[in-house]
Structure formats: C-alpha cells, structure tokens
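As structure tokens, here come the structures.
Shared chain: subunit A. Partners: subunit B in the first complex, subunit C in the second.
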Partner chain A sequence: MIRLAKAMARKDLTLVLARGNGLAQALLLGLLLIFVFSLSREAGQPVTPQEAATVFWLSSAFCQVLVFNRLFALEETGEARLGLLLLPAPIQAVWLGKAIAGFCLLLLAQVCFLPAAVALLGQDLSGPLTEGALALLLVDLGLCAVGALLGALATGQGARESLLSVLFFPLQVPLLLAGIKLGAQTFGLSLPDGPGSWLRMALAFDGVFLGAGLLLFGFLYSGDA
Partner chain B sequence: MLHLRDVAKRYGAVPVIRNVTCTIHPGTVHLLLGDNGAGKTTLLRLMARLASPTAGTVEYDPPSRQCAFLGHAGFLYPGLTALENLRFWRDAQRLPKSDAHLLELLDRVGLAAHAHRRAAVFSRGMAQRLSLARVLLQQADILLLDEPGTGLDAASRTLLHDEVKQARDRGAAVVLITHDVAQDVRLADRVLLLRNRTLAYDGDVGGFQEAAA
Partner chain C sequence: MPPSPRHIPTGSALAAAGGLALAASQWLVFRHAPVEATMGLTQKIFYIHLPLAWWALASFLVVFAGSILFLLRRNPATDAWCRAACEIGVLLSGLALLTGMLWGRQAWGVWWTWDPRLTTTLVMWFVYAGYLVLRGLDMPAPRKRVACAVLGIAAFCDVPLVFLSARLWRSIHPAVFASKGGGLEPEMKLAVIACTLSMGLLWAGLLALRTGQIAQEERIETLEGLAGQDD
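Presenting the complex of A and B:
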C-alpha cells in the first residue's frame, strides 16, 4: 500500500510540478484573493490578525479545491482509474497517494500565500512560530485527507468543480476555524484560552477525516466502470 | 482459471448480458466474438471485475490470480513520457524490474527511440503499443484484450500476435475481442460467441469454423 501511495504521489507531483499541469491557476487565485482583500482597506488602516488569517485560509481553501480537482482529473484522460482498480493493492493507497501529493502542493502554495499575506495585509509573525507551523500542518493534514476523499466522489462528474466546492466547504469549517484562530495567534493576536483547545480540535478532525478516507474511499472510487 | 456462472448484467432496465456461463482456461487463447453492441466489452469488464454482475458470479481460481486489461483507452498518462508511464505501473505493482528491462520492453514494441517522449504526442498506434508494453510488463495470469489491434499497422499486429502466443506459452489465459476474425482466429484455441446478449457458442475453433461453414 505504501509503495503504491508513493508511486501515486510521485507521479502526481511530476505531472503537476514538472509538467505545469494545474498549480499555477490555484496559486494565482489564492494570491489574487489576498491582493483584492488588501485593497478593501483605506491606506494606513490596519488589518487585524484575525482578518489576515481568515484571508490566508480562504486562499488555501480555494487552492485546495482546485488542486484536488486537478489531481483526480489526471486519471480521467486515459481511463487510468480502471488500471488503478486492477492493481493488486488496497485501493486506499490511491487515496493516500493523492492526499500526500495534495498536501505537498498545498504547502507549496501556502509558502507563497504567507509572505503575500504578511506584505499585503501588513502583518508580522510576532506570535509563537512553532505552534503556528504545527497548526498549519495539522489543518493541512485534515484538509487533504477530506480533499482526497471527496475528490473521488466528484470523479467523472461534469460539474466536478461545483460539486467539490459544495461538498468541501461545510466539512472544512471546523478545521478552517482552528486554522484562523491559530493563524491569528501567529500574526500576533493573543488567544485568551491559549492554542491548546484549537490544536486538539484540529487533531480530532484529522483523525475523523483520516479514518473516513480509509473506510470510505474504496466505495467512492471503485464504482462500476 | 476464471469461472463465470449465470452471469447477467443490466444498466438500469436495459439488459446487456444474460445467463453467461463459461470457463477461461490457462494456456489458452479465447476469441470473444459478437456483433456491435452484443456485450463483448461489458463481458470483458465483468471478467476483469471492473464491473459487478447484476446476477451470477465471477470467480478467479485461485483468487490471487491477477489480470491485465487492455481496453479502448490505454491507462496512459499523456503528460508522462513512455518510460515514465511504464515506471509508474511498475512501481505501483511492486514489480522487480529495472529501467533497463523497461527499455527492453519499449524496444520490443518498437518504441525505444521514443522512450523519453510524452505519450501526449504519440499517434494512436504508438499509444496502443505503449499500452501493450504496460500489459506485458505485468506478466499477469489472465490477459483481457479489447480490440488490441485497433490502430496498429501490419508490423505491430504481427508483434501483437507474437506477444499473445508468448503469453499463452507461459501459461496465461488470454481473452481477445476482435472484429478481424479471419486474421485472429489463427491465434485462437477457443471461441466464445455472443449473440442476443448471451453466449451462443463456447467451444474449440474447429467446431466454430464448421458451424460457420
């Protein structure tokens, strides 16, 4: 299973990064969102850390939808999905491979979104950076686990983008909330109760989405060809 | 071996296959024939377990037997080169084959010179040969080939026939859908004929030719 997951992730990253197969659109949309929001304020009017963190995670969420839409579209051109279903390995390896590839691509996009948010929204990274990085990884993990699961559901659907967005956003809310609160702390906001409860919430939803991915992916991906 | 017992398949209210019972034997080439829309591709997908039967059973004996499938689409990634495509399917299946072996395979199907070109720029025939290389890489016990000669030139068809014979000689069961009966019947050991959505003939080639005459 791990071997197939690694092969899937390597193949997807090659197609998306080395062959320019789709990340540019996701990056541009996220950066555009941050830029447009920066124009909503009068010159000199500060953006609060919570607003900045919200825009950062909104960009990440849109980026994630486009990334997983693209990742699952890779299997549709040559009906490679059928070939994957014939492999002598648990089909959950495909879910794991897509989640790993999506995680890498989302992190890469956020490496661009973060300096953009700092520069355009007038923030500084004055909060605890270790907790901020941990929060980023935990929230991304959950987003990618559910993204790889719902990407399978939208496979082959004509209205894939819309379907993905409709399914994604309600499920993402708890993780995004944790990401926004912990991101605001990284931008200097003091959380009265500390970051512990938000980190635990992100961890709990990671567990739920990872479990759901392992249990449900096979049913969603291996419907009648 | 692969056993189909009373297999039926319908899409919604539309029956595609009904009451098909047959056995696919190892070391044997089975020609699967029938008119357009007879249900050949559906039957092949049922054999590959890419579709579930509405009724009846499809059983592999032993259950660990693996099948390779070559359909109308070749399971290729257009953005990857020919070599990268084979590398992916090798790694995905944990096959202990080196890159040198993959290049040999590409040479066998006449694509050595195109190993580092993306599949997106391949002609239909080249893509079909690359798909054939993917199938051969797997060394599966059961080969399910849906009109594999489509788009191939005469030399490539000869190559395809050679590879099918080699697969049979190593003990693989081969099921081949074809419309070029005159050409491909020479390869076959048995014939399965679909008519009126069910199996009208299941027997050796000699008997089929006598019945046809």
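Presenting the complex of A and C:
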C-alpha cells in the first residue's frame, strides 16, 4: 500500500508541477488574498499577529481547495480512475497518495505565502520557530487528510471549487483556529496558556480525519461516475 | 428497501400533537414560571431556544447514525431518514441561532459573540447546509447517497472538535443544568422540560412526515423515468 501511495504521489506531483500552470492558480489566489488584505490597513498602521495569521491560513485554505480539486481532476480524463480502482492494492493507497501529493504542494505554496505575509502585512518571525514549524506541519496534515477524503466527493461535478469550499471550510474550523493561534504566536503574539492545548487540538483533528479517511475513502472512490 | 410514504399519516398526527403540546406549554412558560429578575421577559426566549438547540443536535445524531447504517446496509430508506433529519436539523439550528442572537443582544449587548455553543451551532449549521447543497447536486442517486453518508459521518466527528476549539478561544455562555445547585428555579425547570418534550414530539412528527414526503418524491421520479422510457 505504501509503495502504491508513493507512486501515486510521485505521479500526481509530476503531472501538476511538470505543467507550467500546475500550481500557479492556487499560488496567485493565495498571494492576491494576502495583498488585498494588506490594503485594509492605513499606511504605517500595524496588522496584529492574529490578523496576519488569519490571512495566511485563509490563503492556505483556498490553496488547499484548488490543489485537491486539481489532484482529483487528473484522473477524470480517459476514465483513468477505473484503472486505479483495478489496481491490486487497497484503495486507501490512492487516498494516501493524494494526501502526500497535496501536502507537498501546500507546503510549496506556503513557502511563498509566508514571506508575502511577513512583507505585506508587516510581521516578523519573532516567536518560537520550532513550535511554529510543528504547528504548520500538523495543520497542513489535517488539511490534506480532509482534502484527500472529501476531494473525491466532487469528482465529475461542475463548479467543484465552490462546492469544495462550502464543504471544507466549516469542517476545518478547529484546525484553522489552531493554525491561527499558533501562527500568531510565531508572529510574536504571546499565548497565555502556551501552545500546548492548540497543538493537541491540531493533533486530535489529524487523528480523527486520518482515521476517517482510511475508513471512508473506499466508499467514495468507486466506479460510479 | 425503498423509503415508504406510509409515515405521512403518523408524522402528521405526531406533528399536530407536538404543535398543540408546544402551544399548551406556553402556559407554563408565561404563567407558571416566574419572570427572571435580571433579564425580565426576554429570558422567556430560553424556553424555545434550548429545545430548538437540543433537537437540532438530535437531528444531526440521526444523520450520523443513519449514515453509518446506510454505508453498512445500503438501504435507500435509511438515506431518506438522514435527508429528512438533516433538513430539520438545519431548520432548528438556524432558529436556535436566531433566538440565541436575540438573547445575546439583551443579555450581553451584542448580536453575536464568540461562545463555544453558539459557535458550534453556527459551524454545524454551515456543515449541514453544505450537506444539503450536496443533496441538491445533479449526480446519480446511488453515488449521491454514499457521498452524503460519508459527509454525514465526517461532519458529526467534527462537532466535539469544534466545541473544544471554540471553548479554548473563549466562552461566556450561561450554564443551565450543569451548575451546582441548579441554574433554574423548579418552575422554570418544569417549563423547559415541558417545552423540550413538546418540541420532541413535533420533531418526531416532522421527521416522519418529511421522510414520507421524500419517499413519495422518489416514487414520482421513478414513475416519471418509466413514463419517459415508454415514450
């Protein structure tokens, strides 16, 4: 299963990144969101760390929608999905492969979003960086667990991006709150109770949705068009 | 087994009984229960707000349990119950949010505040409204049923996490039954129990009625399909 998941992830990453505009749309949308939000402050007026972290995660959430929409659209042409279903391996390998590919693409996009948030929203990384990096990885893991599970819902549908946004965003509220609080800490906000409870929240979310993905993906990713 | 319209008469009777019981319980609310000293008459919102919120949660629990059952047995009748429960849950939670906002305006001076229960209800409303959007999509019925069942399970698993995360953020919601010594006078408690039970009757009636309607709708669609084939 792991071997197939790795092959799936490699295939998806090659297909998305090898094409010129593979990640461009998601990147541009995220950067535009950060830029537009930066217009909300007067010249010289600071953006609070929490506001900056919120915009960063909002950009990441929209990026996640576009990334998983694209990843699941890859198998729509030529009914390639049926080929995957015929593979002699658990179907969960497809879910895991999509999640790994999505995780890599989201991290790649965030490499651009983070400096943009720092520069355009007037932030500096004055908080604990190790905890910030751990939070980023945990929140991204949760976003990808949800994306890889529910991304399959919209297969073959029109207006997939809006459908996925409507489904993803409310489900991810606990994870986004954790990301915002921990991100704000990385931007210099002091958390009175420390980051422990928010890190545990992100970890719990990851556990629930990784479990849900493993159990439920097989039902969604079937031969039905 | 397809869903059956035979629930419509039972549902209508239960809903009518629930409506009457709810109307009768207003006597307890306005005559028996005392007027609360701080909030005055506005506190009476609570007697409708609490049952709405509890039965909305019960609806989402039905969606969760029904979704698991559907994935295990693939019975379209179970799916019809889930759809009906979700529609009623979204309606009741929407009304709970509105009454909560009216309460909040009077009690805290704001229409909206970051409170775990209010926030959880709002997030649940969004999630299950998304579920209804999925229901409305044009996709083959078997696939739609499975997709909705998966979302119904994922959505309910998310509820405790939403509540905990909102509580970590901050809370100002009043404790009702949880507070030691009881947060309510005995007369108030009686009124709220009567309202909750009456609302439960109305909820059960609406659930059965709507499930029956969905069954009828599916039969009509099947007949239309057959008529189309004959033409």
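Quick note on the criterion: the second predicted complex is superposed on the first by the 222 of 225 C-alpha atoms of A that agree within 3 Å, B and C clash if a C-alpha of one lies under 4 Å from a C-alpha of the other, contacts with A are read in each partner's own complex, and residues count from 1 in each chain.
Assume contacts are C-beta pairs under 8 Å (C-beta built on N, C-alpha and C of every residue); 3 or more make two chains touch, one makes a residue touch a chain.
None of these values were measured; they are calculated from a predicted model.
J.: Subunit B versus subunit C on the shared subunit A, clash or fit?
T.: Overlaying the two structures gives subunit B and subunit C room side by side.
J.: Taking the superposition as given, does A:Ala117 touch the first partner, subunit B, the second, subunit C, both, or neither?
T.: neither
J.: Figure out whether A:Leu85 sits in contact with subunit B (first) or subunit C (second), or with both, or with neither.
T.: In the superposition, A:Leu85 touches subunit B alone.
J.: Now for A:Met201: first (subunit B), second (subunit C), both, or neither, which partner does it touch?
T.: It touches subunit C, and subunit B stays clear.
J.: Which partner does A:Arg19 contact after superposing on A: first (subunit B), second (subunit C), both, neither?
T.: first
J.: Using C-alpha centres in the superposed arrangement, which angle lies between subunit B and subunit C as seen from subunit A, in steps of 10 degrees?
T.: 90
J.: After superposition on the shared chain, which partner residues are touched by A:Ala7: those of subunit B (first), subunit C (second), both, or neither?
T.: A:Ala7 sits against subunit B, while subunit C stays out of touch.
J.: With both complexes superposed on chain A, which partner does A:Val47 reach: first (subunit B), second (subunit C), both or neither?
T.: It touches nothing on subunit B or subunit C.
J.: Please work out whether A:Leu27 is in contact with subunit B alone, subunit C alone, both, or neither, and reply first, second, both or neither.
T.: In the superposition, A:Leu27 touches no partner, neither subunit B nor subunit C.
J.: Can you work out, in whole Å, how close the C-alpha atoms of subunit B and subunit C get once everything is superposed?
T.: Least C-alpha distance after superposition: 6 Å.
J.: Looking at subunit A, which of its residues have contacts with both subunit B and subunit C?
T.: Common interface on subunit A, subunit B vs subunit C: 224-225.
J.: For subunit A, which residues are in contact with subunit C within the complex?
T.: Going by the criterion above, the answer is residues 146, 149-150, 153, 156-157, 163, 166-167, 169-171, 173-174, 177-178, 181, 197-198, 201, 204-205, 208-209, 212, 216, 219-220, 222, 224-225.
J.: Taking the complex as given, what residues does subunit A use to touch subunit B?
T.: By the definition above, subunit A touches subunit B via 3-4, 6-8, 10-11, 14-15, 19, 21, 74, 77-80, 82-89, 224-225.
J.: Which residues, counting only subunit B, touch subunit A once they are in their complex?
T.: 45, 48-52, 66-69, 71-80, 84, 88-89, 91-94, 119, 134
J.: Under the stated contact criterion, what part of subunit C meets subunit A in this complex?
T.: 71, 123, 126-127, 129-130, 133-134, 137, 139-140, 142-143, 146-147, 149-151, 153-155, 157-158, 161-162, 164-166, 168-169
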